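One chain, chain A, appears in both complexes that follow, with chain B as partner in the first and chain C in the second.
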Partner chain A sequence: MKMIRNRFGNLSRVSAQLQRHVQQMSTNAAAAPEEGAVINEFRTAVTNPGEHSALQVAKFYTIPAEQKKQIFAGGGLPKQYEQQIKTFTEACLMVRNPALELLQYIKATDLTKPVVRYVLYGENGTGKTLSMAHVLHYGALNDFLLVHVPWAPNWMKRPKEASNAAGQEGMIDLPFDAAAWLVHFKAQNSQLLQRLQLKTSKEYVWSKRESTPAGSSLIELVEHGIARIKYASETTAALIAELKQLSTAGQCKVMVAIDGFNAFFHPVTRIFSDNKQLVTPDRITLTQPFLDITNYDWTNGVCILSVDKIAMTEGHMDSHMPRYLLGQEGFEHLDPFVPVLVENYTDKEFHSYINYYLDRHWINKTPQGFEEQLKFMSNKNPYSLMQLVRAL
Partner chain B sequence: MALRVFGLNIVRSNRNLLKNAHKLSAPPSGYMAVAPFASEVTVQAAPAAVQKQKVSKAMRAYLKRANEHDEFMKTQHLEFQIGKRHLANMMGANAETFTQEDIDEAISYLFPSGLYDKKARPALKSPDVVFPARKAAEFDETGRPFHSMFYTGKPNFFQLLHDIVEETNKLADLEERLLRRGNKPDENQKLEMAGFQLLPKDQLELFLVESIADIEYSNFTKSMERLIASPYAYKSKSFIERFLKPLMDQSKQLEVPKPKIDEEGRQYITTYECLRKTARADVTVRFPGTGKISINGKDILYFEDENCKEQLLFPLQFSELLGKVDVEANVEGGGPSGQAGAIRWGIAMSLRSFVDQEMIESMRLAGLLTRDYRRRERKKFGQEGARRKYTWKKR
Partner chain C sequence: MSAGLTRLWERLPLKKHAAQSRIRVFSNQDQPEIEDDEEFRVLSLRTVKQQFQRRQQVRRDPITPPRTTRMAVDQDWTAVWPGPRSFHPASVPLPLRQGFTERGAAAPSKFANAELMKIPNFLHLTPPAIRQQCEAIKRFCTPWPKGLETEAKWQRHFPIEVTTTDYCQSLPTIRNPEARKVTVSLKLSDLRFDSHSRDKFLRLVGDRYNKETDILTIVTDRCPQKKQNYDYALYLLTACYHESFVTEPWEETKSEADMEEYLFERNQSKISAEGILNWNAKEGAPKESPSKSYANSVEQLINEGENEYNLGKYKEEVKKMLNIV
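On to the complex of A and B.
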């Protein structure tokens, strides 16, 4: 039973030994039906997010290892979820309603129209990031160029290094963070970029001696930014402007996914300027391009943003609603957008998750009523359930 | 001779009176009714005729003491009456109908006291209550004791033991006789001991007007238990009941409120004043429900700590009503653990209305229905905290 399940559930795990087992099984039981008959009820064999529908709700699908590495190597899954993935040796995501809703919208979108902004919102720990990860997986498989910021508040709260921007007066550069983002962008999109052969539209002059000529490929642009960390921020701005142009011209599709988007509108950051004062996010050079790309003045793309309470700092965490988190300015910037509410688990999802934990032998002791008790203690909140059953 | 006869007669009648007085006091009529003791004794002791007789030294000393006591009590009574009158005047009430309750009220109003110990606060009480009753004379004027067990030093106590054994023997005889006839004790009339206990030592002492040792008290309990264990104990019910005391007033504890019906047709119970540390809460439990819980409008994640959530879980899980009731709580004051404790108590108290008597009892035994009175202990000077001392270093 388990071995046959592995055949479907563990496409990610390229384990020669298991493969051998599976082959043995299928030779022994040649009469067994090919598809889906013996898979656990909380799993689905459909690993392509594009094919997910209401049938797969509350079921787990596995992201193949190489795809996971491609999309999420530079972040995108919560740290504790990453640990869980490592422990369970499979990257499983549950198919949940908010992601399905988003996928349905995206599939039905007319890409020739200005981009639609989707805003994921919800209480802490309800799964906004993982819903976004699900959609990202879809985007990666469907030839979207991913412009993905795993956690925007990192730039405002704990930048690696802050320096004054060379070109613009009073602006702050985050060279290392910008370079790290470029690496992430490259990792996510290198295959697609190679295939599409996108070219820059104009010449970018970085200094007297360095420049990127018009007509050079985007990969060259990105690699320049990574190699010359000093110019990483400017390269990011250039790259994003190019992407907007290219996608409007119809040469590529772009999926923008920014987690913790409200950090761009937070009153202050934790970065000090020269005169020892805290800077506002709009004085960081990285902010502008990402605000630009979330505007609706371009086509052939989708924007998935999430607003999060924990992107804010103390005193600004009273509500999880987009209007409160984005503030007047941010709300007007995004207006009009499609809000997508991410809620706690339903009973079905909760049961499915418990089954998954049992299957992974993560929950060992099953005294009577343990599921009810966990349900009560966690209030069906995904994060608090994970915390409750975590290792000591 | 005549005089002697006359005297004897007087003595005899006097003796009867004295005996009556003793009997009046000796039958234990509850420790509240000991007041008449002293006055009656002195009244009996006063007749002038007795003084003419040859009176023993002990009797003379006793009479002297009794007279003094009588005088003392008289003045005390007088003072009490005057004090009461003053209080009534001050309160603008009628002195004739001024009761002890009115006195207490007037004093707490006129002489407010912040003293912690209630006994230390000002009070005005009848001297009969304030001064303990004294034993009446136990011997006649010639010095001859009335009671056969006078020289045991504790005649009332040993008389009691004697009576108990007598009752026990009587019952044993009865049992044997009826057994011979083939009769069996009546099961329906069996003595119900649940909810009762034997008089505790201090109350028994008041009852007997004698102080007894621990070992003597244990002798009392043992012989009483032997009596009660007899299958025909119900035959001497009236005797036994004199030494029983109802256990803690359980009726109030056991009185479970009836659930009310809300507009959706669900039963609900609201428990107000759920206290723990400095937190106070009111908790509403609705039945049937789906296990929803709301605390100040938030879900259970109002509490961040796992142990606080477990506190709320416990009564529901224990009564097997988890997922079958809805809980709404408003809580303020205190910290998380105090608030969680207050809500836990509120849930448990409310759940009594939705479970059977057996479950209530086991909930009580599990400590769910007990209020936790513990408070923060104060810091002591010269110490780092409530108990912890400063680090001591030799030099």
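On to the complex of A and C.
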């Protein structure tokens, strides 16, 4: 029942006409579990990722719409998966082994020790981002401040605007992207920030007239960055430095999640300076804070990073292994890290996913052997499967 | 001109007859003229060669029967077949057959059989022949030195192996240019190196070193004499060995990027790992250093390249080091 209520809550935000239409659909779809009063075998009622264990492997759990909006409103789920969520009117994630492994590590972590860096890697479309989303959900529910970059290569590949940094010579600011990230940070953490009442440790002077005094709350800092887009990059750097200090002091826990982390070390970007020279990531002001927070010199946190072939550019996509994608510099920055492999579906997961699609009436025609056929055509790759069964 | 002559000749039939008969008188004096009346004589203006000349018969010696028929049963075979030689049917008293014919027919006999001549034979290496030769050279042999009974022993005492070749040939000169070549080979593990000198030595010798067998081979042929080449090979070996211990001033400028292999000891990874292990350690407390197995796994990951196995090993070592379960 809770699930259905959530779905209605979600729908109330959609336009009235669509609402009526979809409501009809969802009530029809919801009829099945109500009748049997038992949950389908491919679903699990455990919606708290902290309670997930090997029992729930290959089963779907639903992220409540409120939480989904809080965590993933600014990105974090792949676009096509987002569309699928909208179509199915429920945000379902499959409990899979890489995420479980990470959760187990995080739960057992000694937070007084320097942060441990976990690196998700795997072929294209195997579910690195969704594994990260699963862990993010855990972090949000367990009072971790989320420092989440939904897709780092966006900054290097398609920045909204690039301007020369005011303070530092030869550096490039991405003010709009930095502000967008601050908005994302605020959306994810505003409740927790209000509860924790974190204060800045020193005064930040932005210009002659503007400054953030020491002892002001972090929310004020973030809001200043959002309001004064010109200083968004500097605000980001300040915010991250503050977070490192605060968490080392034990005032908060921080979960860093950066998708496509190898983009910070890939020298090819699409940003050009005034004299039409290519700007390497180390000359972007946003890079340094995120490299700082993935360093091992602070405590009370976890780092979940993912390395991805797609974060690279043409000619650099030969392997999905972390050392290749990070390069020497990146490897030295992260070493020692814990690599976590994300693989294609197992048979059980694949079967479960097909059942889910059937349950959502997404697969309508079920001729003899269609599951085997899909299995061979997609090679059990999650993204390939989604593409194969997508709408035209 | 000739037509006029013929006409004149025809007009004088009598003279012509007289001339012919006169010739016959002089040439065939002692032969009776039998055919004179029976056959019409042909006028022959040119002297024609005798048409049917009998071909001269080639005189052949009568074929002697093969030697094998006259061989005694207890003959000395080493005298019949003393050295390597291609097969000869008349000398080998064996009913050999070799070759392919049509189905059902027997294989061709040994006479005029190219198949038997093509294949190498060991008729000169019969056990009695070998025994005989060993007996003959025995008086030149010295007893085997004591203490060199096994291969391991003599390899320890004589690590260097020198290979030369002598040539026997039937030419006006007994010299063969190939005989000057000298090959010196030794196991590199018999030489003592430190890591720098070993690296430098391998660079100096280049492809003369075989990594799989650990054997260094120096071939010299630039001097005219075998002795000179041997001396030169040993000089090369000595010079390379001692040169490898010299550290030139420019070798200090070798940076991490120039290193041929990744070493954990001199890299950032070690600093990071030590930083994590000694986090919040008190001043003066003994420094904890990362385990050997972790260092090995990092080195293996970088040097051998990434694969699931190496990465899995690295993961296990990191988990062990950071106490992650």
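What we mean here is this: the second predicted complex is superposed on the first by the 355 of 392 C-alpha atoms of A that agree within 3 Å, B and C clash if a C-alpha of one lies under 4 Å from a C-alpha of the other, contacts with A are read in each partner's own complex, and residues count from 1 in each chain.
By our rule, a contact is a pair of C-beta atoms (placed from the backbone, for glycine too) under 8 Å apart; a residue touches a chain by one contact, two chains touch by 3 or more.
Keep in mind that what you see is a predicted model, and the values were worked out from it rather than measured.
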Evaluate whether chain B and chain C can sit on chain A together after superposition, giving fit or clash.
fit
According to the stated criteria, A:K113 is in contact with first (chain B), second (chain C), both, or neither; which is it?
second
For chain A, which side has the bigger count of touched residues, chain B or chain C?
C
By the touch definition at the top of the document, which applies to A:R360: first (chain B), second (chain C), both, or neither?
neither
Figure out whether A:Q373 sits in contact with chain B (first) or chain C (second), or with both, or with neither.
first
Touch test for A:Y296: chain B only (first), chain C only (second), both, or neither?
second
Report for A:Y324: first if it touches chain B alone, second if chain C alone, otherwise both or neither.
second
Is A:H316 touching anything from chain B or chain C once the two structures are fitted on A? First, second, both or neither.
neither
Quick check on the superposed pair: does A:V338 touch chain B, chain C, both, or neither? Answer first, second, both or neither.
second
Just to be sure I read the superposition right, which of the two partners does A:Y105 touch: chain B = first, chain C = second, or both, or neither?
second
Least C-alpha distance (whole Å) that remains between chain C and chain B when both complexes are overlaid:
14
Using the superposition described at the top, list the residues of chain A that contact chain B and also contact chain C.
none
Residues of chain B touching chain A in the complex
291, 293, 299-301, 306, 309-310, 312-313, 316-317, 322-323
Per the touch rule above, chain C residues touching chain A in the complex are 267-269, 272-273, 275-276, 279-280, 294, 298, 301-302, 306-308, 311, 314-315, 318-319, 321-325
As the complex stands, chain A meets chain B at residues 369, 372-373, 375-377, 379, 381, 384, 388
Contact set on chain A toward chain C in their complex
104-105, 108-110, 112-114, 116, 296-297, 299, 319, 321-324, 332, 335-339, 341
